[in-house]
C-alpha cells in the first residue's frame, strides 16, 4: 500500500544483514579442521553458510555415502559370499562380483564397485543377508573420470575408516 | 594550448561530419553525426559558451540523435549495406544540387565579414541568459512553450490507441 | 578549513610551485591537468574495485551468506580475481555483429560516466573543473550513455539485445525528465548551476528541504544507471543481460566497470545535490563526501537485494504519470515558497511542509481515486486490499 | 517518393525468439518459442524433450523396488511425493496393506515435501520477477532444514528412496521427532517473515495482479490440477476428492483463491504451505506405534493386471498407471505428470502479456522441466 510493502521488505533484508553479523558463524577461518561441525539449529535469520572445504557437517548415522565392506571380526576378511543379491538389486548395475569356493566356504574373489555410476540408493545393502556391505560416511569421491571404481580391498579399508560394525546398525535393523 | 585543443576538436568534428555523408551504413552515419554534434558542442565550450555547449549535447545528442538512430533501426531494410542503391539513377541530380549548395555556402562564408567582438565573454552568461528569458524575452519564451505543449498534446493524440 | 581538510589542495599547490620553477606556465597547467585527469580516473575506477566487492558482500549479507571471503582478507581482492578472469577470456565477436560498432561501443560506455566526475566536488575546493554549468553538464553527459547502449545492443545482432535496446531508449529518455525537474528544483533554490555553489548553498541538506526532489532524483538516477528495480536493460530472467549479452573478455569488462562507476556516480551526485556534499562537522570534507556517497551506494545495493524488477510499461507509467507531474508541482510550490519566504531557515521549513503536504495531497488523491476504482491492481497498490 | 524503388507499408513485424533451451528462467533445459510484437507476446510454443530421460521405458526393465530411485528423479523438487504416488499404485496393484505407522510417516514426509516444493515455487517466482535471489535463498535456507530431517531419516537429502510398496523402508530414527518439531516451528516463523518480505511489495503486486489470469473453466478444460487449479477458484484436491493414505483423519482445509492470476497463485502457495504444516503437526502428534512395512511386500510380484493410482503431489494430480504381467517388473508404467499437463494452459495465459510477464507466468505454474519431459 503506497510503498509500505516495499519498505517492509527493506526492513526484512536489513534485519538479515544485521543478524548475519550477530549470529551464526562469524569469523570465517576460525573453525578450520576442528573436526565436523554440528548441524545448525533451525532458524530464520543469522549466518548459515558452511565453509565447505574447510569445515564439514557431521553426517547423520544413516547417511548414505560410498558403499563399503565390513570385516568379519573372526577372519578379518569381508563377509561377502558372492551370492549376487546385491548385483541383482542394483538398479544401475554398478556392482560386479565373482566368487570362489562352494557352499558355506564360498567367498567373494573380486568385488568391483563402479563409483561413478552409483546413485546411492542403498538397495544393495537392503538385499544383503550376510552383513557384508553398508553405505559408509564418505562422500568426497570426486574424480576426473567417469569410470572410477573401487575393489574389495579399497572398500574394506573404507569400511575400517567408517567404523561401522554391523549392517543396518544406524537403521534399527540389526537382527 | 587552447589552439591545439581547437584544432583537435575541429578535426574530430570535420572527420565525423564527412563520415555522416560518406559512410555506407546508415547507422554508422548516424553515429558519426553524434560525434559531429558533440564536436560542435565542444567548440561552443571553447568559445566560452558553456551553457550552449551543454544544451547542444543534451538536446542534439541526448534526444534528437537517439530518435534518429531509433528511427533508423526500426525502419525496414535500413541495416543493409546496399541502402544507397536506391539513389543510383539520381546520383547526378544529387551531385548537382549538392554542388550548387556548396558554392552558395562557400560564397556566403567567404563574403561574410566575420566581425569579432572585442569585449571579453562576461562570466555570468547563464545568469544573463536567465534574466533575458524571464525578463525581456518572456513573451516569445512563453509562446514557444505553448507551441511545445501543443505539439506534445498532438503527439499524445497521434500515439493514442484508436 | 582545517589542515586535513586542505591537505590535498596544499599538496597540489606545492606541486604547482615545484613545477613552476622548471616549466613555463602552460606546461604547469598541462601537468596539473594531467594529474587531475589521473586522479579522476583513480577516483572513478577505485570505487569500481571496491564496489564489485561491496555489492557481493551486501547482497550476501542480506541473504545470510558470507560473500567472497577467500580472495584476500574478507575477500577484498576479489576484484583482481575478476579482472584476471575477464582479461584472460577469449574475445568473441559474433558473426552477425556490426564489427566496427561492436568494437567501439564498450569504450563509449565508460566515457560519459568518467566525464561526470569532473564536475563533482569531492572536498572543499577539490573539483577538477568548477564549470558554471556544472550540474547541467552532468545531466547532459548522463544522456550520452544511451548512445553507447544503443550502439552496443544494435551492433550485437541479437534479438534479446534488440529488445533491450527498445527498453533502454524508452527508459533512459523518460527518466531524464523527472531527473531534470528535480535538479531544476535544486538549481532554483541554490541559485546557480555550479556544483560547488549547490553544495555551498546547502546549510541544511536539500534532502530535508525538498524530499520529493531528492527521492525522485535518486530513483531517476537508478533508472539511468539501470539498477534494480529499473534494471530492465539487463533483465537477466527474461532477456539474459540484454545489451552486453554478446560481449566477452575486456569488452565486457568495460560494461562492468561502467556499471559500477555509474553506481558511484549516483552516490556522488545525490550527495552533491541533496546531502550537502562535502559539508559536515569535524571530519575533513572529502571524508564526508566519501561517507555520504557510500551511504547512498549502500542504499542502491540494499534495494537491489530486496525489490523485484518493474515491468517496462509500469516503469514508464511511474515516470510520466507520477514522477513528472509530482515534480512539476513540487518545482512550482518550492519556487513560490522560496520567493515568498527567502532561502533562509523559514523558507527551508516551509518548503519541507509544502513537500509533505504535497505528498499527503497526492496520497489522498490516489486513495480517493482507488476507492472508486474497480481495478483490482489499483486497489491493491493503493489501499492494500487483495 | 521517386527515390524509393517500391512502396513499403508501415506494418510492424513480429519477432520470434527462442527462450531456451538454455535460458536462466526455464530452470532446466526447456525451450519456448515466443513470437513477440514489440514486448507483447502473440504466440508461445513450448518445445519439449530436451530433458527426456526415458524413465517410463527404463522402469519396464527394473523391478518395482528398483524403480523407486527412478521416480525420485521425475520431479526432483518433490521426490517423496513421487515415491508416494508410485508406491500407492503398486500397492493397489498388488493388494498390499500399509501399516498405520507407515501411512503417518508417509503423510509427514509428503507434506514436508509439499512445503519444500511450494517454497521453491514462490522463491523462484521472485527470482523471475528480478529480485536478486534474496527470497529464493531464504526459501533455500528453510529447505536445508527440511533436507536435514529427511537425511536423518532416510540417509539422503534429495533422492531419498524411502517409501516402498507396502510401507516405508525403515522406521524413523531416535531423536527425529524432536528435530522435526524444531524444524516445523521454525517454518512457521519463516512463513511470517517471507510474507512480510514479499506479500505486500508494491512492485510485486503490480507485476502479478491480473497477470496470467487462468479462468476456472479453462483450467478444468485443460485438466489442470494442484495449486494452479485451486488458485482459479476450483476447490479440487485429490486428498479430499479421493482420500488416500490417512488424510481423512486430519483437520484441514482446501484453500482456494478466486481470481486465478499470478498473485493468487502466489497466495495459494503460501496458504497451502500453512495447511501442510498443520497436517504435519497433527500427524506428528498422532503418530502411532507399530510396524512400518507390510510383510507381504518383501518379495514383490504383483498379479497380472493393471492399476492406476493418484495422489495430490505439490504440483497437482500425480498419477501412475502400471500394467503388470505378473513378473517382478512392470510391463508398462505410465506417469501422468502434473507439470506437463499444467503447461498446456500456458499459451492461453500468456498471450497479450509482455515478455517479462511470460517468464513470471511460467514461473508461477511451477513446472519442473524434468517432470515435463520425464
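The letters A, B, C and D name the chains in turn, as written, and every chain counts its residues from 1.
By definition in this document, a contact is a pair of C-beta atoms (placed from the backbone, for glycine too) under 8 Å apart; a residue touches a chain by one contact, two chains touch by 3 or more.
The model shown is predicted, which means the values in this text are computed figures rather than measured ones.
Peer 1: Does B-C or A-C have the larger number of C-beta pairs in contact?
Peer 2: Output for the comparison: B-C.
Peer 1: Taking CA centroids for every chain, report which one is farthest away from chain A.
Peer 2: B
Peer 1: Return the chain label for which the distance between chain Cα mean and whole-protein Cα mean is smallest.
Peer 2: Given all protein C-alpha atoms shown, the central chain works out to be C.
Peer 1: With chain centres defined as C-alpha means, what is the inter-centre distance between chain A and chain B in Å?
Peer 2: 72
Peer 1: Need the CA-centroid distance for the pair chain B / chain C, whole Å please.
Peer 2: Centre-to-centre distance between chain B and chain C: 27 Å.
Peer 1: Using mean CA coordinates as chain centres, what's the chain B-chain D distance in Å?
Peer 2: 59
Peer 1: Just give me the whole-number Å value for how far the CA centre of chain A lies from that of chain C.
Peer 2: Comparing mean C-alpha positions, chain C is 51 Å from chain A.
Peer 1: In chain D, what residues contact two or more other chains?
Peer 2: 134, 138, 141, 197, 200-205
Peer 1: Could you list the positions in chain B whose residues touch two or more of the other chains?
Peer 2: Answer for chain B, listing residues that touch two or more other chains: there are none.
Peer 1: Could you list which residues of chain A touch at least two other chains?
Peer 2: Residues 1-2, 4-6, 9, 12-13, 16, 45, 48.
Peer 1: Can you check the complex and tell me which residues of chain C touch chain D?
Peer 2: Touch residues, chain C against chain D: 59, 62-65, 159-160, 162-163, 166-167, 228-229, 231-232, 235-240, 304-314, 375-377, 380-381, 384, 386.
Peer 1: Quick one: which bits of chain C touch chain B in the complex? Just the residue numbers, please.
Peer 2: Answer in residue numbers: 26, 29-30, 98, 100-101, 131-133, 136-137, 139-141, 143-144, 146-147, 150-151, 154, 165, 169, 173, 176, 192-193.
Peer 1: Under the touch definition given earlier, write down the residues of chain B that touch chain C in their complex.
Peer 2: The contact residues of chain B facing chain C are 1, 25, 27-28, 31, 34, 38, 50-51, 53-55, 57-58, 61-63, 65-66, 69-70, 73, 123-126.
Peer 1: For chain D, which residues count as touching chain C in their complex?
Peer 2: Where chain D meets chain C, its residues are 15, 17, 19, 23-25, 36, 38-39, 126-134, 137-138, 141, 197, 200-207, 209-210, 259, 263, 267, 354-359.
Peer 1: Enumerate the contact residues on chain C facing chain A in the complex.
Peer 2: Residues in contact with chain A: 58, 61-66, 69, 302-303, 305-307, 363, 366-367, 381-384.
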